[in-house]
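You will see chain A twice below: alongside chain B first, and alongside chain C after that.
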Partner chain A sequence: MDALVQILFFVVLLILGYFWGRYFEKRHYKSILRREKKTLNIPIVNFGAKQSLIDVQEAALFAGSVVISIDYFKMISAAFRNLVGGRVTVYESLLDRGRREALLRMKEDAIKWGANQILNVRLETATIGGSSGNNSGPGSIEVIAYGTGVK
Partner chain B sequence: MKYIPKKIPEGINVTSRHPLLNFAYLLGTVVAVSIFIFVVLGFVAEWLVIRVSPETETQIGDMLVQPALDKEITDDKRIQYIEELLNSLLIPGETTRLPLQVHLINNDVINAAITVGGHVLVHTALLETVKSENELALVLGHELGHFQAHDPLKSLGRSLVFLTVSSILGVGMSQSGGLPKIIPLTSELTNLNYSRIQERAADIYGFNRVVKHYGHGGHSLDFFERLAKGESKLQKVSQYFLTHPLSQDRINDLNAEAAKQGWKMEEEVTPLPQWLHCSNMKPCEQAE
Partner chain C sequence: MNNKKEKNVILTTLEGVPGQTIMEHYGLVQGSTIRAKHIGKDIMASFKNIVGGELKGYTELLQESRKEALERMVEQATELGANAVVNIRFSTSSVAQGVAELFAYGTAVKVES
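Presenting the complex of A and B:
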């Protein structure tokens, strides 16, 4: 009886996780695609250490960061993947969303300031909760994008 | 140089495989592999476990039986009676690998069991419910059959495999946790789970010994028939049904066996000693 309740609980969480996760992911991608189109006119450029920089009037640092939590369905899928091995495809979309959202937040901030180019953008990720330490709840990822906006 | 924005290509970093398909594949693989390991290791464990020395079995048994003994009744003449009845069921020349120890447990759930190490647990409720010695002898003979077939040891071996496999799965899963602990693992060790085949073999063994002892099989099935018909209070016997799912099928099986072997089924009943339901078999008020 007790086992049955636990299994039921598990299945309900799994189904809820799947549908909520899918819904939010779809919505997020819609927003990402729309905003990427809008900010496409501002180029992101990398300069090497010995390359001479372009002439600019003003420069400032911009950072965008985002934290995205995994859902229960993704977590269980990944747990099974741990046993089987191979590519953890369920996490790919999670990280993809994180990177693009962080870049967008940085870019939007820079555009508001009046930037016409963003130089030397870097990305960093970190995990929060979940697998780090003994906390066995679902974890989250943080993605930070930072770069120099110039005008 | 002028910057001309281009459309960003989509779907490079995300595999387009459907998450449900991916999940089904993973679940299927994990379940199939676990079952395979469980079955193979289960047979290995059974094979190993019946080669355990009697001394080791005694040690294991003493350890495992402890929790079941907190309501044990000691210094009771009934224990001696049950012990004698149990040993009289062994046919001449047949021995048990360990001396059998009868424990009388004060418990109102009808039950009898034999554990690793030859501990026979008899609940007082069983003594209150049986109506003839033939009935009691069949219950004891059934348990004896489990012991002679090493069933408690095999069950323990399988439980150990089960624990091992599930803890391996648990370790593999621990990185994200959250999986339900479907089985209360620790109690799994002392549970005696026998297969249908093992139960049937124990039935036949017990019945055979009862017939050898009394010269006939009459009245020995009455107790099981009463249980199968649900004449006793259902809650109290439910435990017995859980560990010994006794269906009419099995009673029919035993009757068929008797017919096949030409065993007599209509003979005189052997009465129980008086006051078997009372402590020390001294006259008492029937506890109702």
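Presenting the complex of A and C:
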């Protein structure tokens, strides 16, 4: 009886994770695409060490950060993928979403300040373990995107 | 990012400050914060782990610690007499289970236009 309850609980979590996770991801991607289009006019440029600096009035540091987690269904499917190896596509979308969201937040912050270009952008990613209790790999990632806005 | 305390110190990820020349060089300055997971936020986060998506509590925590690390770095730079920090980088590392460090470092310089 106890085992049955546990299995039922597991299945419910799986179904909940699958549907809600998909719904949230779709919504998130929609918002990312919309905001990316809106901020397209501000270029992000990386400079080499020998390049002379461009002539601008003001420069300031901007950063955007996000902590994003994977849903239960994907966590289990990634665990299965771990058995056979290969590309873990479910994690790819998580990292993609995180990085784009962090970049967008940085960009929006810089635009609010009045930047017309963002220079030398760097990305920093770290994993912050799964939910407390279970130790099933990285459950969530944190991304920091930072760069210099100029105007 | 530009609050009152940091207003006189220019922060960039570039080799120098655009439109100004570097007059003096003070070497590396750094600031770091170590933060642990918050119990209350952790419970919320574990619920959120079922459906996925952004963990708002943790994002705020990350933002706060980023600001704190930058502030400590700026403090060190102003003590040296610098008015800008160039080539800033962030770095993260996990110290122990559920404890993470956020580290900011850069080069303190004095610039003049």
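Here, the second predicted complex is superposed on the first by the 143 of 151 C-alpha atoms of A that agree within 3 Å, B and C clash if a C-alpha of one lies under 4 Å from a C-alpha of the other, contacts with A are read in each partner's own complex, and residues count from 1 in each chain.
Here, contacts are C-beta pairs under 8 Å (C-beta built on N, C-alpha and C of every residue); 3 or more make two chains touch, one makes a residue touch a chain.
Since this is a predicted model, take the numbers as computed values, not measurements.
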Joint occupancy of chain A by chain B and chain C, clash or fit: fit
More chain A residues in contact - chain B or chain C: C
First (chain B), second (chain C), both or neither touched by A:Ser140: second
Partner chain(s) touched by A:Phe9 [first = chain B, second = chain C, both, neither]: first
Partner chain in contact with A:Tyr72 - chain B first, chain C second, else both or neither: both
Included angle at chain A between vectors to chain C and chain B, based on C-alpha centres and rounded to the nearest 10 degrees: 120
First (chain B), second (chain C), both or neither touched by A:Asn120: second
Touching partner for A:Asp55 - first (chain B), second (chain C), both, neither: second
Touched partner set for A:Asn41, first chain B, second chain C, both or neither: first
Minimum C-alpha spacing, chains overlaid - chain B and chain C, in Å: 11
Shared chain A surface residues [contacts with chain B and with chain C]: 72, 74-75, 130-131, 139
Residues of chain A that touch chain C when the two form their complex: 13, 16-17, 20-21, 24-25, 28, 47, 49, 53-57, 59-63, 65-72, 74-75, 94, 101, 109, 113, 119-122, 124, 126-133, 139-140, 142, 144, 146-148, 150
Chain C - residues contacting chain A, complex: 1-2, 10-19, 37, 42-43, 45-46, 48-55, 58-59, 61-63, 66, 70, 88-94, 97-98, 100
Residue numbers on chain A that touch chain B, as the complex places them: 2-3, 6-7, 9-10, 18, 22, 33, 36, 40-41, 43, 72-84, 87, 89-90, 92-93, 95-96, 130-131, 136-139
Contacting residues of chain B [partner chain A, same complex]: 3, 5, 7-8, 10, 13-15, 17, 19-20, 22-23, 26-27, 29-30, 169, 172-184
